[in-house]
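Structure below; questions to follow.
Letters A, B, C and D name the chains as they come in the text, with residue numbers starting at 1 for each one.
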Amino acid sequence: MGLTQTGSTPETLTAFYRTLQEHDLQPLWPIAEQLLTQAPQPATKPWMWRWTLLLTLAERAGELIAIHEGGDRRVLSLANPGLLGQPFATSTLWGAVQYLNAGEHAPAHRHTPGAIRFMLRGDGVYTTVDGDRCDMHPGDLVLTPSWSWHDHNSSSDEPVVWFDGLDIPTVRALDAVFFENFPDERLQDVVQEHNRSERLYDGRGLLPLGAAADADRESPLLIFRRADIDAALTALLRQTGGPMASLEFVDPTSGRPVMPTMGCEMHRLVAGGRTRPLRKVGSSVIVVYSGAGTSVIDGQLFEWHRGDMLAIPSWSIVEHEATDTTDLFAITDTPVLEALGLYREETYETPQPVTDVFR
Amino acid sequence: MGLTQTGSTPETLTAFYRTLQEHDLQPLWPIAEQLLTQAPQPATKPWMWRWTLLLTLAERAGELIAIHEGGDRRVLSLANPGLLGQPFATSTLWGAVQYLNAGEHAPAHRHTPGAIRFMLRGDGVYTTVDGDRCDMHPGDLVLTPSWSWHDHNSSSDEPVVWFDGLDIPTVRALDAVFFENFPDERLQDVVQEHNRSERLYDGRGLLPLGAAADADRESPLLIFRRADIDAALTALLRQTGGPMASLEFVDPTSGRPVMPTMGCEMHRLVAGGRTRPLRKVGSSVIVVYSGAGTSVIDGQLFEWHRGDMLAIPSWSIVEHEATDTTDLFAITDTPVLEALGLYREETYETPQPVTDVFR
Amino acid sequence: MGLTQTGSTPETLTAFYRTLQEHDLQPLWPIAEQLLTQAPQPATKPWMWRWTLLLTLAERAGELIAIHEGGDRRVLSLANPGLLGQPFATSTLWGAVQYLNAGEHAPAHRHTPGAIRFMLRGDGVYTTVDGDRCDMHPGDLVLTPSWSWHDHNSSSDEPVVWFDGLDIPTVRALDAVFFENFPDERLQDVVQEHNRSERLYDGRGLLPLGAAADADRESPLLIFRRADIDAALTALLRQTGGPMASLEFVDPTSGRPVMPTMGCEMHRLVAGGRTRPLRKVGSSVIVVYSGAGTSVIDGQLFEWHRGDMLAIPSWSIVEHEATDTTDLFAITDTPVLEALGLYREETYETPQPVTDVFR
Amino acid sequence: MGLTQTGSTPETLTAFYRTLQEHDLQPLWPIAEQLLTQAPQPATKPWMWRWTLLLTLAERAGELIAIHEGGDRRVLSLANPGLLGQPFATSTLWGAVQYLNAGEHAPAHRHTPGAIRFMLRGDGVYTTVDGDRCDMHPGDLVLTPSWSWHDHNSSSDEPVVWFDGLDIPTVRALDAVFFENFPDERLQDVVQEHNRSERLYDGRGLLPLGAAADADRESPLLIFRRADIDAALTALLRQTGGPMASLEFVDPTSGRPVMPTMGCEMHRLVAGGRTRPLRKVGSSVIVVYSGAGTSVIDGQLFEWHRGDMLAIPSWSIVEHEATDTTDLFAITDTPVLEALGLYREETYETPQPVTDVFR
């Protein structure tokens, strides 16, 4: 980088840099290489959180922590060790497990970060979203879009656990976080029959007349059912011939990702199947919904089982191999990168060498 | 309009007009009022074709006419008496009944006009669209989009009848008709399992990853099932509180109408329900899928039953009343008018007086 | 096409066809080949109207016809001889010359067909569009978009002539024509300084903050100046290396064609330059703004000079050759065909043989 | 927030939190209020850098620092004191002054962050962007879009200074930074006549035929001229009646902001004019191009003159008052917030009280 002119001495330079700092300025030339790197250098590390541990600690939180007040949530967030203590799974995505004891209610609030709930264990729970009561069963995805009122309610006699995915790091980086507790009452009234959005917007190519013209940035369909996901994966796998089928969860009024800030995907990899190495700009959090297998991420081997959760950094080289037929749920920041013209990806023919094993 | 200048005589004017005509010119001023009317003056007349008659004549055609060669179709088209002998239901829409005898096949061809098939009677028939075999049952809608290869095939032991809706008048008005018979063979090979599009694209908010980005102008979902239509109408009716629920058939990769040239809608009107008078720019063809009732169109009363078909001209005032709960299927040119910025509609509070009865 | 079944006689068929006709039905099989042609068979003929004749007859109209009342226009429309006496240049486009005597005013009205005015001769005339006074000089293009109030006003002491291009045939085919005379007064008040749209929307990549978000289907920029057109053609020709440069007139808030129903183009062909044969779906009307040369359209040779006007049918093979450097202004229906997914084009390497000469 | 269950003691909680931390998990409940704030709490501080200081230090850098190698830039970046030493003007925007001595060249490179150059002082300098030589004069805006090759070149005999605006913080937050030096040579060849983009894309509503259909996410028009900006502001001010006129720099092929990640605006406030308090989500950097006046930002008074630069945090309340007629150039992250559905704004009737003065 920039060499000094004839005549400038280390002392003059040091003095000059000090003057700059005093006036809230920084010279580009000493930092240009760290700032404008040849490729992304994410602080996010490839990482994994094991289901057995997550469940044990969530149960322990269920014993220790009560839910009393507006906005309360019993949530353990995946804190990527590369992110200096921030409670984020990757630089752009929040991932967490949320735990409700039998019969508990998490009171209503809303926030500009959008959230998805991917149901993992238990039944008899629903999330009310803007007055629409959305029943949640294992393998279902439920949306609570940006600025929608939402509360969680268990009528189960056993605890329930789901995965929370949010765009909090992105919305914070943009200084766009707003939050509000629900006025007066702690839970919203359920103003409609249950699962209204499901009945109105999931009619397989059928929409209320005029719905598409009114299409908003977020999906009005709030629930995506495991049975439909399974059927769609089965059909797509038959169509592609394998070894992998990949679905995207979309807004049926526009075909776009369910949220402008976060994409949701489900991938099925058949037993024995192996994907080609792929790297893409943008990060993901993967939840192993079913099956077992291994991933290699930038040369590091991860062995996973049902319920395990992985953080995938931007531009890392990733390949998966399934020992049992596997369904991988993922949240991504792809919609952001696409919208801003920053998405790119590369695939490779040859598997990467394994140089390390994650423990 | 334009009066003559002082000094110009009828004789000079007549001579001048003759000179213009000889040189392939026309003066605007004598025709301006017919050309630029205060409101649309469609040649299309409100009209109705009765199912009993349509079926009888289609059966008679089945006896008299064979299907031998490429491009053959046994089709009776609704010829609106306002359209001077042209075989069109309205100025922009083609409507017809198509009839296949037991075991018959209508060979493969393709054309730039897009078509929809709305199944009315019989079973055991399928349409192959670009190699995808689409099974058709009563109440199903099947698309054969612009320039897609399609043939119709009956494995039934009784005749089948469906409604054909096409955009032929629009595509002809634009001088954009292309047609081609399928090379060599008369039927396409079925290159996929049956109903591929249904399995791939109707996953209730789920799409193959990347499908939306590749979205075309026409829907990749080719089949819409009666059971789904019925469920969606039921849900929507419960939501709106009645008396009518209106669905649009959409491309799940975009939320847009299934074709850029033609919209498909289904309306359910509960027994005793009555719609407010509505007029809109653009014409429709309505097929009474089930139920019975009456419509008033520009003051003329139409009494209809299951299977009857109606032509609705642009800007006519229309109201419906159901004696039995009724499902009305409709094709429209609304997508064209929306795309060109020409759509408008008005509703009225008061029913229009009935001044005539259609017979 | 459909052969008859064993046993059906000519007599039974004739009787059957008569029965169909009585019930407003038509069999498809006898007309299928005329209806679904292998390629477009436009009724529009390649045609040319000579400027000398147009000007002479327009001047004659100026002597014979006065402009008195609301809606009056002294307009001679190009009536393509293929279109059975309809006053249309092509099946989708209206072309005409409009003529104002010194000091005349054509009173205000509005209509859903959109119009463009391409100024040919004279000066000191303006069109007021929704209160914005648009000054017109030779070579300028002025828009009067769908449903905008407009009147034409001459403060010149000599006659003025311009080319009118409208989408009337398209809007009529869609039964979407509305027309209204301006209330009470015959001319609009000029509510703004002259040429407001030009000052607000032609800032070379600069828009009023928020204008793009409010973008409508029609261009808010109403005037396109000859000097800018000439500069843009010059730059583009230098860039492409010749022999032709082609511009499109666009809405600066969206980059889309100036109207959803009609495109405007300007093509410069250098002296001695020759274009490759091109056919495209959709028709055009060409006005020779300057220069001289020849065109071959479906084998027929047209020799043209400044001011001549040509009708180009859909799917005709067209090539141009300039003897002098030539600017060809054109209106097209391309935006309609693009919006409806019906556009296609082909180019050829070899010039077509000339088999006929237009006279 | 979450109170503890009956029976959980501070000791058990502390132990539990330690266990979570050891396993890279964090409880949400203790941090929820800091994480999901009621409104944005930007780290960015309202700040100002004075032109006299910026110029003095840039000149000093010109004496001390040479430009030798690929990628070198003599740039002083605005380092907002709220951002913990990061070299960013706001949380999403980079702002800086760049300085070239007479005859210097800054060699070619490219990066995924997009940049704008707003020329402040000197003449005889150009930036080559993908082979197109863009001449820069005071008040001109030049774009170097994401991943375009660019080098800066002075043929002046005096130093030149411009403002650099980039989206680096946003692109870094998304882990999407790529950088590359130009191969072999240090400067690109100028493959075209100068200012090609200006000649091709700034034709006032005129585009090369087909350009809009090929529209990319970034503007193909790379230069915006002071004379045009001034004329557009003058026209807009006359239209609005004052006291402020606000322009956006747009891609002429789409009407959208010049980059998907960064908007450029110019505001003229007439002498004595005062704006109403406005707060909006998203940050800005303002460069005082001409004039003088004051701003109040969240109660703090800033007095500015020509060349001064201000950082405006997200959701701060901002009002401006001009003592002399003033042109304020601004870069913003509004396109990002709009694309992600996170934009909102509020205006107030009453001026905010001044509680502090910036020094």
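As a working rule, a contact is a pair of C-beta atoms (placed from the backbone, for glycine too) under 8 Å apart; a residue touches a chain by one contact, two chains touch by 3 or more.
Note that the coordinates shown come from a computational prediction; the quantities given were computed from them, not determined experimentally.
Peer 1: Would you kindly count the fewest steps from chain A to chain C, each step being a jump to a chain that touches the current one?
Peer 2: 2
Peer 1: Relative to chain C, which chain's C-alpha centre is the most remote?
Peer 2: For chain C, the chain whose C-alpha mean is farthest off is A.
Peer 1: On a C-alpha centroid basis, what's the spacing between chain A and chain D, in Å?
Peer 2: Once rounded, the distance between the two centres reads 29 Å.
Peer 1: Take the average of all CA coordinates in chain B, do the same for chain D, and state the distance between these two points in whole angstrom.
Peer 2: That pair's centroid distance is 52 Å.
Peer 1: Just how far, in Å, is the C-alpha centre of chain B from the one of chain A?
Peer 2: Spacing between the chain centres: roughly 44 Å.
Peer 1: Can you list the chain D residues in contact with two or more other chains?
Peer 2: Touching at least two other chains: none.
Peer 1: Could you please write down every pair of chains that are in touch?
Peer 2: Here the touching chain pairs work out to A-B, A-D, B-C, C-D.
Peer 1: Report the residues of chain C in contact with chain B in the complex, numbered from low to high.
Peer 2: Counting only chain C, the residues touching chain B are 1-5, 8, 12-13, 16, 19-21, 23-29, 31-33, 35-42, 44, 47, 49, 53-54, 57, 60-61, 63-69, 71-81, 87, 91-92, 96, 111-113, 146, 168-180, 217-218, 260-261, 281-283, 313-315, 333, 336-337, 339-342.
Peer 1: In their complex, what parts of chain B are in touch with chain A?
Peer 2: Of all residues in chain B, those touching chain A are 192-193, 196, 199-212, 215, 219, 221, 224-225, 228-229, 231-232, 235-236, 238-239, 245-258, 265-266.
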